[in-house]
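Take a look at the structures below.
In what follows, subunit A forms one complex with subunit B and a second complex with subunit C.
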Partner chain A sequence: MASLDMHATVNGREVRKPAGSHMRLLDYLRDELNLTGTKEGCGAGECGSCSVFVDGVLMKSCLMPVAKAKGAVIETVEGLAARGELSVLQKAFHKTGASQCGYCIPGMVMAATAALRSNAYADREEIKERLGGNICRCTGYQKIFDAVELARDVGNGTLTARALEAVDEERQADSFIGSNVRRIDAPSKVSGALKYAGDMVVPGMLHMQVLRSPVPHARIVELDVSEAEAMPGVEGVITCRDVPGTDGFGVFTHDQPIMARDRVRYVGEAIAAVAAEDLLTAKRALARIKLRLEELPAVFDPEAALAPGAPVLHEGAPDNVVMRIPIRKGDVDKALAEADLVVEESYATQAIEHAYLEPEAGLAYLEADGTLTIQSPSQNITHHRHMLSKILSLPINKVRMIMSPVGGGFGGKEDMIYQGMLGLMVLKTRQPVRYIYTREESILSTAKRHPTRTRCRMGLTRDGRILATEMKLLADGGAYAMSTEGVMRKAAILAAGPYAIPNVRIDTLGVYTNNTPSGAFRSFGALQSEFVTESHLDICAEKLGLDPIEIRRINAMRDGAVTHTKQTLGSVSLLKVLEAVEKSSGWEPGPPGVRGPERADLGGPGARRPCTLGARFRKPGADDKQEVA
Partner chain B sequence: MSAKKRGRGVAAAWYGIARTATIDRAGAWAELDDGGTAKILTGVTEIGEGILTVLAQVAAEELGVRPEDVTIGDNDTARSPEAAHAGATRQTYMIANAVALACRDARTRLDAEMADHWGVDAECIRAHGGEIWAEGHNMRLSMDEAVHICKARGVVPVGSGSFTADHTGLDPEDGSGRPWQAYVYGAQVAEVEVDTATGEVQVLGIWAAHDVGRAVNPAGVEGQIEGGIVQALGQALMEDYKLADGYTSTQGFAKYILPTSLDVPQVTSTIIEDPDPLSPLGCKGIGEPAMVPTVPAVMNAIYDAIGVRITSLPATPEKVLAALQDKRRRDGEAAPGMAAE
Partner chain C sequence: MLNCDEYLTPGTLDEAFDLMERHAGGYRIVAGATDVLPWARQGRAGDVHYPALIDISRVAELEGFERRGDRLRLGANVTFSDFMNDPGLREALPIMPQVAVWFADDQIREQATLAGNIINASPAADGTPPMIALNGSVTLARRRGGKRRERRLELVDFVTGPAATRLEEGEILTAIECDLLAGYGTAFEKVGHRRSLVISTVCVACLVKLDREGRRFEDVRLALAGVGPVPARLDECESFLAGKPVAAESVREAARLPMGRVQSRTRREYRREVVFNFVERALVDALAALGVDLTPQEPVLQKVSHG
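And then the complex of A and B:
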């Protein structure tokens, strides 16, 4: 690759170091200057994690060819304060708890710095608008806005620097449990110092790339890697043929090979992997792998997957059923026949992506005693170690899993995905190997939240008591089982809600299709099934002329209640939380029924102003100070 | 007449803490170290929820040191005891309790030596914030000195802890069983504005109340509630991983739309503390339950605003507009010139 004579002023120091002509400014900062505080989240200018200042202007460094930055003055998150110190804004992020996983935070700090440089008196609405190009998946943004407001007030002299320090209560607490101790990981996150797996390097490290299926269902007719293997710079190519042990992983059913075995079952499934001395060579080698596929009939709809004659994905499941969970209590048919009101409705929820800002990444290497070590943001190293020991045929204590700081997980890093390929590649090449997903690769190939379709029937008395709930939930599990069984179980147990219902019939069913696999995702099936019950209750409340909080109160499980799985509970706090939101929101009681236009509880202190794009920018001017005061 | 209509909706939720319908366990090791500091080893790493801070607070409280004196070892299957996985709203419940038990074990060793050193009963030894004293006696030292004395007597104050959540599987026929020992409950009210010209829904406010058991770090709990709500908002209004014949058309963040700072509501959180009686600390959890009531609360609020019930997520502008047109058609047929509802 062509070399470029590159020089710039980076964080106040003159830098002269050649760059690859294909590099983006982001690559140059991270790979050549080791400034890994600047993160790659999407590579497309959408998430803002890679924000830096170029000649004083906030830029997304993933969109800027390095040649464009030649001679420029560049400022990264590492340069915002003197070494070992934090800027006012970074201290404010620490103080308000504005960082969670921390991966988006350096970019967020850069954007917020730009906002306050533009207007030292920016109000909360303007701050929101100026941070609009930066995505955070953890915090809900509220504490980030708090941090920027705090830094603004300290910066413009409205508050003293003391406002950035730990509160006195934290220091003088009788008990550290229950006190708002500031996050101990925050300084390393707001400064960009924390190393995530993709920031880690070891000498002699190879770069891995993965060949993925271009079709949803096919038989692998030919997979010839010899030409790729022979390329200069390529150190190793692996396929399922290299797996020394018993291949197969999953949470409950081990139905997924670490790379496709004879068949591919979804678009994006891993087929082969290449490790080379640099990323570009690894990418080029993928194109030299000879792959011939014979397409098979595929099924994309969960109902169609259950129909007789549907294409079968796994020999162990001829009916395409991953898991069926029943919950039975009382006599639902009798209760529905006796109910004063029976309401029936269908609901659907969509697949969604975890969209953690840190794409999957890992670094693996052999230790002197032959131990295979894999560092990755895995949410379940205990289970992954068990599976890898079998797949790679290593004694369990020769597999060492280290959980690197997780740049957002939400369940998406709980199912094992790529750790098997990394480990196998290290065993084959005997060299350290690193693998970092692109955003597109992450979206294409990793698990999603289960999309569901649910039919719900509820029978109630005239005074609002639920006599029976019947629910049938069908979930698309995609091509491999992953966490589907557990998701179906949690969806079923919690489906009918925290209500005392004498008669319950719940069925949840997860099926295989040739779609992207569904897996663990924060709220794990309960989000889908409780959405149904809570929507349904409002429909019933309207028909019965009952206030929605009231109908929930009438049916609420109380202390000592027996659940739908016939478990006797201790104390139940449902009435307390209902009362709390009724009070905090100033809820005006009344049956649901398009009361919006006449209700008096709208637009109160807990509601923000509606947003009109662009309307919040104000000219910095003489009257700013008066407005703030 | 304004095209923008407001409304409110409410929803409740419940959730089980830690692994479902199977026994759950976590282990930890603790050591009171030189200088009155502390080492905690357990299989945990931050996934963003603030668990390291929570564990530092718990260890500080149980050992009698300060949170900043606590060092927490990395999650490493070759170096730390098993604490299983980082999910299922189990980190605070399972691991903080394991850490508390390990710290109590270490303190038993230290307290026995100090009681002997001072000639008092071990039961009267207290420690907090880096100081250790004998209640009812005129004895007080820094934790630094106490650890020094303990070691000079030939004892390293170490401890271990294992915490179990005693869950059972479900009956395969009727689902009966005890899937969790701790449950949490939550409720949220949503206020929305719907633009009937564009179909766009803005969530202006969420009032949330969640029982988390004993809250170790209330600001951290709030952070989980705020973050959970915004993720749920994405599911409710905009996020959609689209597939056609197995191929996605939402392959990057330009196509896969996520909530940004301009989309988020103001969130007012109320933390309800109903302590868990079955565990040493009484805390439960918040990570997952935080996002469960949001989606139905928003759908119920949309109905309140415009009389349209969205039963298929997400409530995109296109879907809301189509539903409004349907409703106008239906209302027009049912009762010309006025809304049927």
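And then the complex of A and C:
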């Protein structure tokens, strides 16, 4: 590895330490100086998790070759306040609850610092624009903007420093509910001190890289790792052949090997992994693995996957069905025949990436007593532990899972994905191993939200009562089962919505295709089916000349209702929720589509406006509309 | 991953030429590096290795700008933030802050140069359309036998396709020249995802001058990117409007003309709508900057939204 002479002043101290020639300023700060408060979210200048000051100017350190910063004065999140203290902005982020997963927060604090340094009186619009290069997935930004405004006002003396302190009155007598409770982990997040899995290092740690399938469906004809294994600096190479126990994981059906076994079933599926003393060697070794694939016919459409003669993905499922969940109640056909109005429509939803700011990462090592410990942002450590015990053939008390801080999950870190490879590599090399996904790898290979196609038929009376609903939902489960069974179950259970409907016929069906596997994603199937029912109700309301809120009120389940799957509900708050929504949104009553293009209830107080470009260039004394740029 | 054996930071153009000669055939010139680093990643170029990366961002001769009669000379190291923050540049090129604000975020603007944006020759480059509209040209310098030679190319001829230009081995783009215009209303429109992201779907730059009475179009400059292999001047709109009375109908009619230019492989119908709406809005906005309000009562295709 070529090395470059490097020196800089970092957080007020002179640093002289050579840098790897491949390093960006981001890598130098994190890997050489151990300043891991600066995060890598995308590596492509999109997210701003890596923002630092270079000679007083805010820059994205993933877009700066390290040598560009030679001789520069660099300031990172660790240098914003004296050691062990927080800057006014950091305190304000703590106070307003601006940090959730916390992964974007160091970059966000840096961008906010830049905003207030350039204009100590910046208004909310200017703050928004200045923070435009930094992405947050959790907060919706409002609390972040609140924090910057608070820090601005304290900085200007408009508010006293007391505004940054926790105020006792915020705490209601004996309940956290309804109280403004400060997060106990926020100080470590706003200061950059919190270590996510990719920030952790242990002595002798190896770096892992993974060879992935370039094609959606193929037989593995040859997989020869001998050349990679023989390379200097390479400590271990693993394939499915190294798995000592019963390979196979998944939430309900254990159909996924930790690395492809004989066949690959989607683009990005792991085939082999290399651990080496440094990242570059591991990457080079991947290129030396001999892989020969014989492509197989692939299927990408869930309907095509159900057709006779479609390529079969798993021997255990000759019809490509992962799970079918039917719900039957009453006599749907009779009710539809008697209905005044029958509405039938089709709906589709797409695959969605979770897009947490923290790409998948993990650090695994052996304890002195032989316990395999895996630290990763897993949202389901107990289940993962049980599966790994079986796969790695270790007694359960020799597998320890530690949940590292989750830099955003949204369900995407619930299905096990890479922990098996990490564990296996540690068992093979007997050394600590760390693996960090790139953003590209994360998007390419990890589970997405289930795309669905749904046909819905609903029969109603003239006055808006739903007599029957029939729904057929087809979901693309992708190449492996993962959470599909549970997602189908929840989609079915919640499909008809919180409405008292006497006749219900629901079928949800998840099928295998050669697409990226679908997995858990916030709401777990409810979004897809409820999107259908709610959209359908709006269409029915329009056809019946009813107000959309009114049609929901007519059909709402009430206290003591029995759900379509026979659960008795003690209390149902739907009517209260509808009333609150109607009131607080300033809802303009009436059927949809009769109000013309202009609604009186849009753009009112409380409605969010997007960021205004060039907000900082307002002419002195001019109003919001007069922007120079 | 972008890797090299040596990362070189010449302080003068001659030093840069020395290094280029020493590493002939094995170097790549880097300016802001905001495009080359994301390029050298999985899904694009992958891992890339150069014997030498020559970083010209510290070359003093490439700094700054200079008025030369009715033309402006921009050094290759002028960044997008300079267009926003330098009062002299803001006055000379009022369209460029509008471009810069859409180009990226504060942080990328600080590093990224207009010259780099042009050389990368993305079909969707934001910096190229305004420069084409301003009859931009590029100055390419080389050193042969110890003597420095320069040639000048029209920008429309310089960019030949996606990631392709007429820059030759041994040459450095040292400057961009463009018209210095007075009395024009300007506008820049862009459709893309969140604006700090890399690529625009369609962007259009517009400059409009009216006759002394403010009744007729005297000069119209329009350039479009994102719908074909190279950004292009919209000659058909320009000549259609020249001399015509300023009226909403003629603006709308002109905006229809370039729809046929859409050659993109994906979402053609969508881009055609965008082009029509954008050209119309760019003209309306440029006229608004001159105090002429032609805001259409109702956009023809409402489903195409801003940003």
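Assorted remarks:
Throughout what follows, the second predicted complex is superposed on the first by the 596 of 629 C-alpha atoms of A that agree within 3 Å, B and C clash if a C-alpha of one lies under 4 Å from a C-alpha of the other, contacts with A are read in each partner's own complex, and residues count from 1 in each chain.
Operating definition for what follows: a residue touches a chain if its C-beta (ideal position, glycine included) is under 8 Å from a C-beta of that chain, and two chains touch if they have at least 3 such contacts.
Nothing here was measured: the structure is a model prediction, and the numbers come from that model.
Of the two partner chains placed by superposition, only subunit C is touched by A:59; subunit B is not. Legend: residue contacts after superposition of the two complexes on their common chain; A:114 is shown touching subunit C, with no touch to subunit B. Once the two complexes are laid over each other on the shared chain, residue contacts for A:154 go to neither subunit B nor subunit C.
In the superposition on chain A, A:51 makes contact with subunit C only, while subunit B stays out of contact range.
In the superposed model, A:460 lies in contact with neither subunit B nor subunit C.
When the two complexes are overlaid on their common chain A, residue A:70 makes contact with subunit C while staying clear of subunit B.
Of the two partner chains placed by the overlay, neither subunit B nor subunit C lies in contact with A:392.
In the superposed model, A:440 lies in contact with both subunit B and subunit C. Looking at the shared chain after the overlay, A:8 reaches neither subunit B nor subunit C. Across the two superposed structures, the residue set of subunit A contacted by subunit B and also by subunit C is 44, 46, 132-135, 440, 444, 610, 613. Interface residues of subunit A, counted against subunit C in their complex, comprise 2, 4, 21-22, 24, 43-46, 48, 51, 57-60, 62-68, 70, 111, 114, 130, 132-135, 280, 283, 438, 440-441, 444, 610, 613-614, 617, 628-629.
Contact residues on subunit C toward subunit A in their complex (touch as defined above): 1-7, 9, 30, 32-34, 37-38, 41-43, 47, 53, 55, 57, 84, 97-98, 100-102, 104-108, 110-111, 194-198, 307.
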